[in-house]
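One structure coming up, written as structure tokens, with questions to follow.
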Amino acid sequence: MSEAARESRRAGRLTASPAILLLFIWMIVPLAFTVYFSTQNYLLLDPENRGFAGLENFSYFLSSSSFLNSLLITLKLVGSVLVITVVLGVLISVLVDAKFPGQGVVRMLLISPFFIMPTVSALIWKNLLMNPVSGLFAWLFQLVGLTPINWFSDWPLLSIIIIVSWEWLPFAILIFVTSLQSMDQEQKEAAQMDGATPVSIFRYLTLPHLARPIAVVVMVEAIFLLNIFAEIFTTTSGGPGDATTNVPYLVFTQALLEFDVGTASAGGLVAVVLANLVAAALLRVFGKSLTQA
Amino acid sequence: MPALKQRRQIADTVRAICSWLIALIIFFPIFWMVITSFKTELGAFSMPPEFFFKPTLENYREIMEANDYLHFAWNSLVTSGGATLVGMLLAVPAAYSFAFHPTRRTQGILTWMLSTKMLPAVGVLVPIYLMARDLGLLDTRLVLVIIFALVNLPIMVWMIYTYFRDVPRDILEAARMDGATLFQEMFRVLLPVSRGGLASTALLSLILNWNEAFWSINLTTTQASPLSALVASFSSPQGLFWAKLSAISTLACAPIVLLGWGSQKQLVRGLTFGAVK
Amino acid sequence: MAQLEIKSLTKSFGDTRVIKGVDLRVEDRDFCVFLGPSGCGKSTLLRLIAGLESVTSGQILLDGQDITEAPSAKRNLAMVFQSYALYPHMSIRQNMSFALDLAKVDKKVINEKVTRAARILELEPLLDRKPAALSGGQRQRVAIGRAIVREPRIFLFDEPLSNLDAALRMQMRLELARLHQDLKATMIYVTHDQVEAMTLANKVVIFNGGHIEQSGPPQELYRRPVNKFVASFLGMPQMVFLDATLEGGVLKLVNGGEIPVPTGLPALAAGTRVTVGVRPEQMSLAEPGRGQLQGRVQMIERLGSDAYAYLALPSGGRLTVRCEGDVGAIEGTDVSAQLNPERVHVFDANGVAIHHPTFR
Amino acid sequence: MAQLEIKSLTKSFGDTRVIKGVDLRVEDRDFCVFLGPSGCGKSTLLRLIAGLESVTSGQILLDGQDITEAPSAKRNLAMVFQSYALYPHMSIRQNMSFALDLAKVDKKVINEKVTRAARILELEPLLDRKPAALSGGQRQRVAIGRAIVREPRIFLFDEPLSNLDAALRMQMRLELARLHQDLKATMIYVTHDQVEAMTLANKVVIFNGGHIEQSGPPQELYRRPVNKFVASFLGMPQMVFLDATLEGGVLKLVNGGEIPVPTGLPALAAGTRVTVGVRPEQMSLAEPGRGQLQGRVQMIERLGSDAYAYLALPSGGRLTVRCEGDVGAIEGTDVSAQLNPERVHVFDANGVAIHHPTFR
Amino acid sequence: ATTLTIGTVNNGDMVRMQALSKTYTEQHPDVELRWVVLEENTLRQRLTTDITTGGGQFDVITIGAYEAPMWGRKDWLTPLEKFSPTYDVDDLMPNVRKQLSVDGKLRALPFYSEGSITYYRTDLFAAKGLKMPEEPTWTEIRGFAEKLHDPSKNVYGICLRGKAGWGENMALVTTIVNAYGGRWFDEKWQPQLDSPEWSQAVNFYVDLLSKFGPPGPSSNGFNENLTLFNAGKCAMWVDASVAGAFVTDKTQSQVPDKVGFVKAPRQVTPKGSSWLWTWALAVPKSSKQQQAAFDFIQWATSKEYANLVAKRYGISAMPPGTRLSTYANAEYMKATPFARVTQEAIQTANPDSPTLKPVPYTGVQFATIPEFQAIGTQVGKSISGALAGSSKVDAELKKLNESVQRTIKRAGYIK
């Protein structure tokens, strides 16, 4: 290998290593603890009775009926929010891409929900909007003569999906709008001259151009959505029943409602494995558009 | 052909109206929150909703009286700003390396980085708490800075990486030919050129840190508590509380919203390299 | 039939006026070439015609119909962009068939047209690749192909051949000429290359700083440039300009030497200062003292087929003479240049032409 | 003093070998031009010299010192990129002064150099703009300016003039030549343009498919091309190739007609198939039947100073003849082409040259 | 100066304490108080992590009747002795004291206590000519609810907790089960969720609330119901006695003078039909300022503090349920219509013998074992699911019984 190539490789390694090293520590140390705890009978409220439990924690966590259910809920939640945010995000970004009066303000309004704390937005939606008795939606429904919807008991998962989509739609819009800026104008012009209508420009140029940002949005959102917690905690607490208990919430229940560190650690590890599976699947689908030029 | 011009104008108008409508709908919950914060508790709950009312600053007064808002805000600023800074310092070189000096393992490392992000926080609370305790970091801003930075590092690396991928290699090579060292190449060419993407990433990190609640609540008590912990103390008290909750939420989110609005131009500028070629 | 008329068109970007009032008529089946220095607004004018920029003032008429405000999709013009502007995610075949697909043309017809265009442009083996996998020259050909298949009312080309190598350029040039004849299409073509301008165009428009200096058939422009700018812009190497004064029936050159007044030069007052323009190919080298102009060989550029001798005149002026490729002159030696007085152009003090040589 | 030596250099991208063993010596103050078809590896070789790509095998020596492994920042070479590679966030002035800033040159000196380069390149009014606000040609000039101000040991140019108009191109060409003389710099220059190659270079290197076909002074290459590839690559319009058989002291052309064997042709067996090469400027048009080759005028390209007549031969071949700019031939009429048998090149069946005309 | 870090719940009473603590710091200028105010669940998790790992972040913690004896037994809380002479320990209600003591020694001081009582709207009852008995049964309550339920006028027959959580719906459901004669475990720690008592009680609860309750009851906890009741939308409400102060507060209630108070409903037995809960202040062993912290919690639970509240917020705002003297105060009893019912609820609840049939655990609406949180959480979740109509009660109870058995076995209660 030539000196120049070696140099470049050294530069590469040197610049990447702090991040990799720290992340490695950040990952491996708690992970080691977690692996250790997952084999322990460790009830936080009863620390003296700690002891080796073998794989009991895993079998306990995996065999509980809530687990499969939570898995399903997680996938439904992640999937729906991804679809909603990407589809609406693309449409809205394209809509606000053209110049019109107040464009800047509109964009600001559009990305605002992203700045709101998850707890706060969950509270706003739960109390001010979706409350079946005194929420604004209930009022609107009554205004047109309909019975208000019991959002959190009749459509718990849908309610969560709406809230989370509202929070993450701005992120998609932000990324897409940014990306649309860098779209080659001459390509659009060429298509215009080719007689393309705005719809076909969207279909044949804009969408393909957005492939990579869509991949970024899907990846980033998926990571966060797999870990959605605050919204569920503040609105439905995983209920009614376990209609909105996703994997993180289930782990939370184990860890901090039941203070069962052993099972929670086992659950955490299972969640990591699952998340990695999802990530690998996503990477297979979207990875190409992410890493290829 | 005035007809055509007119049609175009109509189309533009329709589009503008649609955009405004959607924006207002999406923004409405926030607007409603701010409005509610100026109502009395009874007014906040009244049905049908009050649209016209006499605004009161009572809620804000009460909150300010009971809590040192500035203390919490300062903590938020220091922790999220500090973590963003640290994160950028780590992420930019890493992303640079992945984008411009890729090896066969790059792909794998990137994927692995993302997977670290997927450890559910609750699952590792106890080990982290133990470590923080043993290092004497409980209730310090430093512990939040470290954790925030590390938690968001993978996302930041990814985002910056994708932005760097869009930078034409030519201009970096030109800088190298101009005698730039690695350092100069980064700071005088690469970073200025991709500042839109960097701004997006930094803002994203700032937002995520600012809004982070789990670690904030669990690792701090009073000294280092940020605004998200303050909000948690209002999240479900007894009695009517919507107005007060709205007020504290408004207070907690206002700084970051304003910052986001201020940097919107930077964000949306994006990367245009038309000038290079 | 596609005839284009432009009436007092102007275009400003912010405060800078880029097009400063252009009047132009391009007839049906014209091959009209825009020539001009870099930054003079050629691309901008093309984009105005295409409807990609909005007009500041003035009118554009296509077949007598005002299209100043029409959206470009409705104009049925095709454009080959300076930057190619290929659709990066579509294969070459899709790139070329895109417009026809949109127009819902029959699949078989599309296929036929694309295949034909690909054959003309030697793109057949590449049809299934993506643009990223092509070299610069290949991309440019795809861009041309994209325009060809459309059979538009007017073709607009923005420096379409600038990235091709000489052999391919020549081949494409002939191809374009043939295309022009075959399709009986109207074409507007921006280029930097005189050879392209001279060989392809039946109408050349010389731009300078946002306005038209002269337009007309290439030979006409070459032979009868209306001013020094046009004269210097056409012709490789450039026309040589020599300051002179009219004195007693001869043109006394400021650089020394004199030539008889060419026949047909309008009567001028004695002592009038004029500029004499001679094309390098209208001069030849001679032994020192034998030609009208004495000088020293400063440099000889040998192109193979020809050579250009650059002479330094005693007064400090400079002269270019085209010679045979294997001319024997040696740099640093004294020579003289001989010119045919009947073959000179004469310009007045403002650079406006007052006399051209007559050609058979 | 900057002398470059390249020893059996190869470069592969993955499995594709792009540079297939190149040996080359560029002497101090040489102006070396790389010519070759698109995709033959010219840019790649330039990048290897610049240190922007790592060498697969072989050596690069600068002034006898091995720089194969040196980082490009340490080589003190300047490069003008084919894609310009301007820094989009810097003003033109900053773009041009960047390298000097990095080298911590005195502000006044920088300013002086930038101003001088801007004047040469007619960029003065644009100095405070960003690259995005420039036209294509203007950007290219900035890229050249960036190299000029550095006064590096070797200039590397990758098609620097391809987007400029003829006048500016010519001016830049002379400017580069002058620069070369003034700076006494070594220059390596990639181009598609033969005129540039012939006029600027004192050494031309003809590439084809990753290896060197021939290198040497331009006139040498033009007059004594070692094979058909080089012969066809240099010269505008291309050399005309006519297949022939040696029969009884004459070369019987496959297209009909015959020419006497040129003096000095090595002895060949009768019946040997050879290719005769004639440059278009070595032929002239004549009345039908008067010249050696009979044909019909297919097209006449008039460039002003010259015209090219394209003749269709009865057998289907094609012939290019260079004529006077105002030649009277009419398209569609029968003519004949006359050639000087002493001025032909002869190639064997493999395309290797076996005879060249002698020049005085 | 001494800095005390106080972790507390964001209840109205605690928030008041925070406001009034200025008085304390004026008296003790060398003490600085730092507050960590959190929602109940969050606070519990925060405190548990800190106390169990010995984080030492808190000097004063707010814990409930559930944690106090358990944590005391683990010796995580400092035993409280040597009270200041003015404190009057014996004034504390005996039942409450019992709840907070380990081996007869106090480990936490009660801040306020509550039982569960029935709230009803006197105006609505009068309008329909109904009369609420002093000791209603659940069957009677159902009858009233049926008559008063009028969703078209935005009035719902009854509001009850439906939100999942061992401290939310399970507090209420356990008291209903108790009233129906049921229990969590038999003497041998066998879970009893598949017993007929549980089935009756839970079926009744689900039926009542889904037929005559507000829309979406499964997401209503204490706060949501309070909000509903204050807005005048509930005809009846069975919940903690502390709410009495809020529903009669003119600044937050739209029906302050239309509320009646009676005991929590019984059914086959009154035993265990009203819960007992105490919020108490304790000093963790890991605190470095134990004496200062002890001083503070004495002040915060003292008569002096109660008087301070009375002076500042009105007499009916005095911390309820902790001191006998409060209920001996005629002025308080007069100003506070719900005081008598509260007092009775607290006095009759017996954590040591909570149910009709004998049980191996203490606690009325919970079992004081570490595993109960897990069990309660899980059962609460299922019942709220049943309430939302996503599952059948009996099948669900059967499944729950098995799962509880598993948990309790795993913890070693059943050999």
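Going in written order, the chains are labelled A, B, C, D and E, and every chain counts its residues from 1.
FYI, a residue touches a chain if its C-beta (ideal position, glycine included) is under 8 Å from a C-beta of that chain, and two chains touch if they have at least 3 such contacts.
This structure is a prediction, so every number in the text was calculated from the model and none was measured.
The set of chains touching chain B and also touching chain E is given as A.
Path length between chain C and chain E in the chain contact graph, taken as the least number of steps between touching chains: 2. Note: the chain lying farthest from chain C is E, by mean C-alpha position. When every pair of chains is scored by its C-beta contact pairs, the maximum goes to A-B. A rotation of 175 degrees, rounded to a multiple of 5, brings the CA atoms of chain C into register with those of chain D. The centroid of the Cα atoms in chain A and the matching centroid in chain B are 15 Å apart.
Centroid to centroid, with C-alpha atoms defining each point, chain C and chain D lie 22 Å apart. With centres set at the average Cα position, the gap from chain A to chain C is 58 Å. Centre-to-centre separation between chain B and chain D, using Cα means, comes to 55 Å. The set of chain B residues touching two or more other chains comprises 45, 47, 125-126, 130, 232, 235, 272-274, 277. For chain D, residues that reach two or more other chains under the stated contact definition are 51, 71-72, 134.
Counting partners per residue, chain A has 8, 44, 133-134, 184, 256, 293 as the residues that reach two or more other chains. Of all residues in chain B, only 12, 15-16, 18-20, 22-24, 26-27, 29-30, 32-33, 36, 44-49, 90-91, 93-94, 96-98, 100-103, 107, 109-111, 113-128, 130-131, 150, 153-155, 157-159, 162, 165-166, 182, 196-197, 200, 204, 207, 210-211, 213-214, 228, 231-232, 235, 242, 245-246, 249, 252-253, 256-257, 260-261, 264-265, 267-274 touch chain A in the complex they form. The part of chain E that touches chain A in the complex is made up of residues 41, 45, 48-49, 52, 70, 74, 154, 162-166, 214-219, 227-228, 231, 233, 370-371, 373-374, 377, 381-382, 384-388, 390-391, 399, 403, 410-412.
Note for the complex: chain C touches chain A at residues 47, 50-52, 71-79, 81, 83, 85-90, 98-99, 102-103, 132, 146, 150. Of all the residues in chain B, the ones that touch chain D in their complex are 168, 170-171, 173-181, 184, 188-189, 192-193, 195, 272-277. Chain A makes touch with chain C in their complex at residues 184, 186-187, 189-197, 200, 204-205, 208-209, 211, 293.
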